[in-house]
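Listed after this line are the structures, all set down as structure tokens.
Presented sequentially are two complexes of chain A, the first with chain B as partner and the second with chain C.
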Partner chain A sequence: MIRTPAFLSGLGRFYIGLVLLFLYLPLAIMAAMSFNVSPFYQLPFEGTTEWYLALSGNDSLIEASLNSLKIAVLTTIIATILGTAASLALFRYDFAGKRVIQSLLFPPIAIPWLISGTAMLIFFFGTGIGRGLHAILLGHVALALPYVIIVVSARLATFSRDLEDAAASLGASSWQTTWKVTLPCIAPGIVAGALFAFAVSFDQFVISYFLATPGQTTLPVEIYAAIRKGFTPEINAVSTIIILFSMGLMLVVSRFFRFGGSQ
Partner chain B sequence: MARVEVRNVSLTFGAHKAVDDVSISFEDGGFYALLGPSGSGKTTLLRMIAGFEFPDEGSIHIGGEAVESVPVNKRRIGMVFQNYALFPNMSVAGNVAFGLQVRGEKGETVRRDVADALELVQLGHLADRRPHQLSGGQRQRVALARAIVTKPRVLLLDEPLSALDKALRTDMQVELKRIQREVGVTTIFVTHDQDEALSISDRIGILNNGRIVQEGAPEEIYDRPKSEFAATFLGDANIFAGTFDGTRLRLQNGEAIDLPSDARPANGDLRLAIRPERVRLVPSAALAESGSSQSSSHLAGTITRRMFSGSQSTYLVESGGQEYKAIVMRGNAGELEVGTPVAMQWDRSDLIVL
Partner chain C sequence: MAATMTQENGLRKAFPLLLPAYAWLTLAIFLPLSAMVYFSLLTSMSPSEQSSSLTLENYAAFFSDPLYVTLLLRSLRLGLVVTLICILVGFPAAYVLAKIFKGRAREAIFLLVILPFWSNSLVRVFSWSMVLREGGILDTALNSILPFEVTFDLMYSYPAVVIGLVHSYLPYMVLTCYLSLQAIDDALIEAARSLGASRLTTLRRVVAPLALPGVLAGSALIFIPVVGSFMEPRILGGRGGTLYGTVIEDQFTAVYNWPLGAALSFILLAVVLVILLVSAPVLRKTA
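Moving on to the complex of A and B:
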């Protein structure tokens, strides 16, 4: 046990309090205001569900939300499957260009999305892929893949190759070994990778903005467009729903998987 | 259960010849140790028998079937790994059942075989535990149960006891031997620990630099090593290097040693070996009194170090610029002090011609 001096512990608590305050207070205010009668953040607070009712009639926001969700879920599924398969290949096999591929994984994470987005826009335009939800999905998968590969590979680094050898010595085919031994052992890494993929897609504004068309857009792009036209409390309402959804998702996942733990 | 036959097998990694033209056969039901220092090729040889590595040249037969190009999962072998390699996502019973399930065995058969295998290693009561909840010795037993439950033709063990502490290792050696007898499976055991190889196996193959140096029963190799490497790697040995002049071995420092009476080596360079426990130490003073200095082979020297280890003492004796080792059981004879001039004596028949 490490004992903390009382004054430090007080200071520490104050610091943590500040961190939590700056992280969560704006969100809490936004959530509170989504239930306030005044559309201009005016006090005193008067409760209403008016904005949620208005939201239920706002077809473009609802459609954009569904698009965002669809794309995020599809991106998660595709990027997690492809990324996990790629990580396994990088883990198991030595092939020409392996190191090059591994080092090419990192730059896309550091390249500003504005630049990636511009590049994708030009590329998709040039190749005839065009813009729209399919283009957004393609772009999101490309963005999310490196995150999945890096997270799953990190988990594989702690996975002993002897386990695969042991399974093979017991008569398991490489398919059986993968499904019954390797994947269950690296499941926490796969789930973490999937979460990253979901977050990258669901959060994504810049690239979606470049690749969206007026009819086919995602929630962040739609919110941005709405704010430019003039702020409405419906934005508070939809944001509150998103916040609750995201937090709920994270809580559920972290309950099932303790990250970093060996078991 | 089957006989394993390795013929003229070689495997090269880059410029390094890991296994170099090795031929050795493992009889059905035998317990074999492959003994050698690290890098001697013993693990590579084992991995080729298992099917994790494939020989560049030569053939491997298990039960008469040529397997050198058969993948590991089709060889019907059992293997125990150095770090046990238990599946952390399964219970003890799940680990043991794995090999049966991937073969398509179902329900009652699996349950019965798993229970039997766990009973054999005396772990029936821990079937529902997870590997991380077990001690090292228990993990070892689970790994063993998992490897034998599928009734493999040959059981391969890659330094399975090296991660255990000494007391537990001795227990596990006895246990391993008992289980192997009960199951009767041909067993090949890789180790770098000479005591382990001597105490556990029916036969030992000593490897060095990718080659089999000598193969035989433990007593046979210990009593009649054919090379300096075999003599010094399996047990301790004092080496006398010199020139044979037709009657005696002349050491570089001018001393001469009688050969065993039945030895008929060619003239020229020759090496003799003697086990330290075959060397007797007699204080020079006592020798002079009895006047028997010429009665048996001896070299004069001075004790430079004494290492006491309970039942015996190990002495280092300097003679003619060389250091020799003598192990003396502690009995009625008193301990000899460092600096005492002594004569090292031995029976000629205890000398080994290398």
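Moving on to the complex of A and C:
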């Protein structure tokens, strides 16, 4: 146990407070402004729910939101299934080139999205895959896969192979072993991976931006277009909603998966 | 002999499980990146034209026009500035979190720090426009405290871009520093202190070297995307926010010179890779 003098630990707590203030103040202000009468964020503050009402009548924003949700759900399903299968293979079997296979997971995460996004645009356009929601889905799954594989593999690392061997020696087929023993044991990891995939897709802007077409677009792309056209207070309202939504989602994730917490 | 047998067997069994995921990655990441390299070698054309031939002129354009080099240097400098500020702000925060807070308070605050990271980055950048503009919150607050009138308008400026980017990427640095600081045994720090080292010496000679891998990992995670950023400078930088990333975006969404855009993207990728390779030995030595 290290003893830190009271004034130093007090200073430390104060500093963390400042950092949290920096992280949350602009978001809090945006949320407050979404309830302000003035569309130009003028003070004094006067409360209204006008912008949320306007939002409910904004068809293009609502359609874009539904697209975002649809793509995020599909991304979650596809990336979780493919990613879990790949994690199981990497966990169970040993083969030449395994390290290379594992290191191939990093380019989608590490390459700037601007580069992967424009590369997808070129390739999808050139091969006739084209742009639109299906192209966005292709890209989102590719971005989410590495996260699912990393999270599920982390959970598998705490799983004992002996359990699989025991099930096999008691006569379970490898299919039964997988469904009845392995998957239930790593379920929290799979759920966490799925929620990560959802968050990656739902918040993704850059890739969607290059692959969207005017009729087929997602919420962040629509928000960006609105910001660049000029300020619309409805954007504050919709932004506040999606920030609360994403953060709420990650609070749920944190119950399933501790991000390198105390242990 | 037996080992290679099981290895071959392993690959045969692993293959069907790996194939869907890696086929998808190939289709959506690896083939597009290869296509981009090929495209960067085509003569300038609009995407609808079919006639084009192989050329190096897009790469020549980068080196002959000082504008591109200037903008690339500007973007690299921005990456450096943002990374440094994130280290200066994030490391102490991670230290306090790892060594002063305990138990549930630590977990809760850790979650609070990384939570914004999982919300929409576009929206977070946008939220700063309400704080930084003239007549915005900061302006109003300063003027109500100060006895004299000041005009405070950081919106559409370089500092605004830096603030927005630091806000976006700070959680990365706190996360990676926290992970490596947490792994340091408190007994080491105690030993240094009981042997007479001052707090500062302990921090400099014991804690900092052990935490370096975390700092470097965080730096890589921040530097790479910041160099390629285009949305943040567009929203917060205004006219002065022209950077290498925004020029690439323009080639694809406004000018429609895709081959040039591909060449500029590929140069950015190459520069980032070279920087990573150069720093890799340092990383390995400290790890």
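Here, the second predicted complex is superposed on the first by the 244 of 263 C-alpha atoms of A that agree within 3 Å, B and C clash if a C-alpha of one lies under 4 Å from a C-alpha of the other, contacts with A are read in each partner's own complex, and residues count from 1 in each chain.
Basically, a residue touches a chain if its C-beta (ideal position, glycine included) is under 8 Å from a C-beta of that chain, and two chains touch if they have at least 3 such contacts.
Given the structure is predicted, the values throughout are model-derived calculations rather than measurements.
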Given the touch rule stated above, what does A:Ser160 touch, chain B (first), chain C (second), both, or neither? first
Please indicate which partner A:Ala172 is in contact with in the superposed arrangement: first for chain B, second for chain C, both, or neither. first
In this superposed model, does chain C or chain B come into contact with more residues of chain A? C
Tell me which partner A:Lys180 touches in the superposition: chain B (first), chain C (second), both or neither. first
So, does A:Gly12 touch the first partner chain B, the second partner chain C, both, or neither? second
Tell me which partner A:Ile77 touches in the superposition: chain B (first), chain C (second), both or neither. neither
Common ground on chain A, meaning residues reached by chain C in one complex and by chain B in the other: 262
Of all residues in chain C, which touch chain A in the complex? 6-8, 10-11, 13-15, 17-18, 20-22, 24-25, 27-33, 35-36, 39, 47, 89, 92-93, 95-97, 99-101, 103, 106-107, 109-116, 118-124, 126-131, 133, 135-137, 140, 167, 170-171, 174-175, 178-179, 182, 186, 189-190, 193, 224-225, 227-231, 234-235, 245, 248-249, 252-253, 258, 261-262, 265-266, 268-269, 272
Which positions of chain A touch chain B when the two form their complex? 160, 162-163, 165-174, 176, 180-181, 184-185, 262-263
Which chain A residues qualify as touching chain C in the complex? 1-2, 4, 9, 12-13, 15-16, 19-20, 22-27, 29-30, 33, 40-43, 78, 82-83, 85-86, 88-90, 92-97, 101, 104-105, 107-108, 110-116, 118-127, 138-139, 141-142, 145, 149, 199, 202-203, 205-206, 209-210, 220, 223-224, 227-228, 231, 235-236, 239, 242-243, 246-247, 249-251, 253-254, 258-262
Chain B contacts chain A in the complex at 50-52, 71-74, 76-79, 81-83, 85-89, 98-99, 102-103, 130, 132, 146-147, 150, 156
